[in-house]
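Encoded as structure tokens, the structure appears first; notes follow it.
So that you can tell them apart, the chains are marked A, B, C and D in the order they are listed, and the count of residues begins at 1 in each.
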Amino acid sequence: MKLYEYQAKEIFRQYGIPVPEGYVIDKVDDIKKHEESVVLKAQVLVGGRGKAGGIKIASGTDEAKKIASELLGAQIKGVRVKKLLIEKKLDIERELYLSIILDRRNKCPLLMFSEEGGVDIESVDEEKIIKLYIDPLIGIQGFMIRYLLKKCTLEQKKELGRIIKQLYRIFKEKDCELVEINPLVVDRDGKLWAADAKIIVDTDALYRHPEIEENVEESTDLEREAKKMGYALIELDGDIAVIANGAGLTMATLDAITHFGAKPRIFLDLGGTDDPEIVKNAFYLVKKSNPKAVLVNIFGGVTKCDTVAKGIVAALEEYPIDVPMIVRISGVHEDVGRKMLEARGVECHTTMLDAVKRCAEVVVKGGGK
Amino acid sequence: MKLYEYQAKEIFRQYGIPVPEGYVIDKVDDIKKHEESVVLKAQVLVGGRGKAGGIKIASGTDEAKKIASELLGAQIKGVRVKKLLIEKKLDIERELYLSIILDRRNKCPLLMFSEEGGVDIESVDEEKIIKLYIDPLIGIQGFMIRYLLKKCTLEQKKELGRIIKQLYRIFKEKDCELVEINPLVVDRDGKLWAADAKIIVDTDALYRHPEIEENVEESTDLEREAKKMGYALIELDGDIAVIANGAGLTMATLDAITHFGAKPRIFLDLGGTDDPEIVKNAFYLVKKSNPKAVLVNIFGGVTKCDTVAKGIVAALEEYPIDVPMIVRISGVHEDVGRKMLEARGVECHTTMLDAVKRCAEVVVKGGGK
Amino acid sequence: MAIIVDENTRVLVQGITGHQGSFHTGEMIKFGANVVAGVTPGKGGQEVHGVPVYDTVEEAMEMEPNATMIAVPAPYVKDAAFEALYNGIKVLHILTEGVPFHDSMEIVSYAKTKGAVIVGPNGPGIASPFKAKVGIMPNSIFAEGFVGVASRSGTLTYEIVNALTQNNIGQSTVIGLGGDPIVGLSFVDVLHMFEQDEQTKAVVLVGEIGGTAEEDAAEYIKREVSKPVVAYIAGRTAPPGKRMGHAGAIITRGMGTAESKIRAFEEAGVPVAKFPTDVPNLLQNIL
Amino acid sequence: MAIIVDENTRVLVQGITGHQGSFHTGEMIKFGANVVAGVTPGKGGQEVHGVPVYDTVEEAMEMEPNATMIAVPAPYVKDAAFEALYNGIKVLHILTEGVPFHDSMEIVSYAKTKGAVIVGPNGPGIASPFKAKVGIMPNSIFAEGFVGVASRSGTLTYEIVNALTQNNIGQSTVIGLGGDPIVGLSFVDVLHMFEQDEQTKAVVLVGEIGGTAEEDAAEYIKREVSKPVVAYIAGRTAPPGKRMGHAGAIITRGMGTAESKIRAFEEAGVPVAKFPTDVPNLLQNIL
């Protein structure tokens, strides 16, 4: 889960990483008096906010108010701006890059530092990035920092070393996937500042961080509702609502649908369950997604075919859908399940390919019931 | 380095391990008013303090004052009592044992718990002690505590688990060799209390614990003076001052002296040095120890024989000693060293055995110069 | 032969009295696995499908388990895994989904110090038909044979293994690596083991979007693998930035796309199936 | 053969520009050791006895060292040892005295995860005449031969090795385990290695008061060692509770007395010398 810049900077402040003086507003009236230049930064969770006009400089209170009234409520890359972070403008001498990310390959934290900051790190030459792999059993050690400092031309080595240690503490103590300072600014007085702050927290670890608020901006309303109900649902811009059991099988079903020229409306992973209620309630979401067809793809294992069939039958009563529904049902208790469904007039197939082809046909060529 | 009970209990208090209410006095007038019974505990760093009369119970203020005036200034196992810890008397239901020590064999912390507390742990049957070896890379984990609690009949399992976790934190954060609660008391209300507290801190780690005062009681004046000067010196009750280079060689020299019927006065390990000054100044301590003879045993390696000889020659001027001195000198630059010493009339031998035999003879049979 | 688990595997189930733990204990026994003990703190002394339950792994060690399935809630997984490792168990399957990945990193690091193998978290486990199973894969899909299967997905694996069996292609060992960003085994680790394993004649890799495990595997295959390999990749149509069910199935910063993985495999001479059920055909072409 | 270090050992010196580091670099080279690099932060680019100095171990790895002598002040030992281990060095001799033992515990644990050997802390190192030396033992005392020596002491070792050499008894490997309570290798570890080593025909153990390493060794010798062993124990007359120079040489709670150790060795059929210089005689009796 991404944190807003102002939330990330609050954490930086708690850990002693210097951030520019500033405050957050959600209405224009809250702007304070400013004699010097300030930066107004739209608080949205999308990348490329600056280029999209979400960061502006104002030279005094009046200009700040004018810009704030334009930004608040505006859309940045499709997201409405509800809050602004207003900060003292830094007198920038150099821009550096510093981050710690989860390295999946080496199963450990990876620290990256570059003297070329302020730009997308992917656009920086590999040899200009210093990388440090950190063994989670020993954490960050003095020699690692010495090694990094040795390779950098910065004069403020001691302060950089201190910031790195604190950044690692944040990464670990806040269960982060990413902590990033880009740019890490050296001002004309030689002081270091985290001019921007990006933190992504591991969603699965939120239970042990009551101090971190949940941010909802990244999901659609339907996705949030599904999450509350315990389903993994992704909204897409096509026509077919796909329900399957298991993330891999669900993705494979989307891929097959697309292969046959149709487009999916939702990705809905039932997971492993032996409760027909859970199957039934998924159709509440399917109905809400307003699809042109429904494709259910079940390979019965932990989730047995008869459980799924029972759930579908119940859903036919409770959440009747007036678009075509195709069911692929195979695996454990397949026969019982198929009989139950066919008795209610549901179109059943044994192989995924048959079901997907048929469903795509129905949508593309309109060959429904 | 051993901590006094009151110091250890202060650390316990900081880490949330319950200790009885109490305070420390160094004069009788500081005793507060007590309506209930109190325990007066002599603060000395020797074992078996209770049996030696260092722990007394008083039923009110007057009795407390009377006992305090007897204890303060008294000798407990040869150590003068300078401070008393005065504590509320516990209403004891059960006495348990809990400790974490450094396990040399497994190179890790070892936690020991027994339901038979209040007695010397060495006197408790092995099968009545629960032992847990803690991997320092992962520390104490929930499952270890569950395993221990499973084996104990105590009702206060949760509180015991909490105390164990905190005790481990003390062990680690204060660089301890030992933390021990004996007895860990269950009172009649079912509450747990650290009735006694013993902490030994790693002397070599004191540099990172400015919060811990150095206790001097364990050493003699001469030992403390030697330590300040940078020598490892142990005072013994015999006649021969032994100087050697290396702890093992020095011990072996003491052993050999004893074998030949004499007794050592001091153990003085020169360590590895190439500075004659260090050798010379060791004789200041030798002189202070007032021995009946001096035996120098040098196997020259890092510490070269000529360096030692130079130091001894200088010491003959600065700290002249009027008892016999026998020198064994062998190894690197042996010839140069021997010549320098013999020129000043010092008796030199090549083998340790010859030197030791001769020195023992001198002391035992009075065969000196 | 087979890899990681075989007829010498003695299975422990941590969380055996739970819903999943108890059901799958029965299924593992039916598969032919030797389930010797279970652990649930506070439930020691019970039996589940005739398997004795203990309060602690320490006590369960009297049954000499050498592999464990961990089916406890996510907040307790780290403690359970450390308990198993501390007691010397060398194969751990972590079934649980939603384990914080800082916990997973520590488990994987600690396992390395103990020379132990972690399967998962968030995967269906491992099965060598019909020698041993540690996990939850449905018994009915398997046949013994010569193909090793490694997958980042659960149900999709069943689909593919089932298709293999239907086409008379048996399996040496089937392993679900887990759908989390941090898992104990990578495709490379498993390829190395399959390459050494005499029973295995060909390998099927089932990948998905997210990370670079497939790209790494392709590199490794070019250099080190002599046995034929075929692959399937799920998530060709997944939108970037969305977590597709699995915590690890997410395209971030343009990395981890299906295209990149498919291209890497094809460059390494590994045929990539269009549909899961094409895998048997591809195998038949090369075997 | 020999154990731990031999003609393939490439030595790094951490703290090479210090007093000890620089002097002993010269001595190691004279012994015949292959000293390939040194490290002192901030001193990179210099040379010590012709050996190139680097700022970090990472950089020094270009010289491919596989063993290191750590001669930095006690507060920096843990960082230096972790640096060496992190960079893959498999033999570490820690010369420094006064390393906090919580640091030593962590170093030893981390080394185990890396499959590395720690010699010390607070010991003179290791030498296999005249193949390699990592440490500070005086060159002049050695002769090549068939006796392995392991000791908890420094100078006492030189005394005994010197006596061996004077009596024409050469050594395969001489190792100073270190005088601290926590050291990397125990007598048992070393006995195991000497038992495997073809060059070694007999073993000398030099123990002292404190701990139970000698008692453990005696037990192990009874069970596992076929080669003859003789011993010497220092500290028969040491008073309890006093740290006899070495941090580890202390009798606590009645444990670790010389009597207990001597008795254990004698019960295991290991002759114990009365004086250090009796060791050659004892060896000649049994060889």
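Criterion: a contact is a pair of C-beta atoms (placed from the backbone, for glycine too) under 8 Å apart; a residue touches a chain by one contact, two chains touch by 3 or more.
These figures come from a predicted structure and were not determined experimentally.
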Checklist line | Shortest path length from chain A to chain C (each step joins two touching chains) | finding: 1
Check: In terms of CA centroid distance, which chain is the most far removed from chain B?
Finding: A
Margin query: Could you work out how far the Cα centre of chain A sits from that of chain D, in whole Å?
Written below: 54
Item checked: Averaged-CA centre spacing for the pair chain D and chain B, given as whole angstrom -> 26
Check: Counting in whole Å, what is the centre-to-centre distance of chain C and chain D, each centre being its mean C-alpha position?
Finding: 44
Next item on the list: Two or more other chains in contact with one residue: find those residues in chain C.
Entry: 106, 109-110, 113
Note to self: Using the touch definition from the top, which residues of chain A touch two or more other chains?
What the structure shows: 135, 137-138
Checklist line | Residue ranges of chain C in contact with chain D within the complex | finding: 109, 112-113
Next item on the list: Enumerate the contact residues on chain D facing chain A in the complex.
Entry: 41, 55-59, 79-80, 82-83, 86, 106, 110, 113
Margin query: Under the definition above, what is the set of chain B residues touching chain D in their complex?
Written below: 102, 104-105, 107-109, 122, 135-137, 172, 175, 177, 202-205, 207-208, 232, 234, 236, 244-252, 254-259, 264, 267, 269, 272, 299-303, 330-332, 351-353
Next item on the list: Could you pull out which chain C residues touch chain A in their complex?
Entry: 74-75, 98-106, 108-110, 113, 136-138, 140-141, 151-159, 162, 179, 181-182, 186, 206, 208-213, 216, 232, 234-239, 242-249, 253-254, 258, 274-277
Notebook entry, point to check: Which of the residues in chain A end up touching chain D in this complex?
Noted result: 135, 137-138, 141-144, 146-147, 150
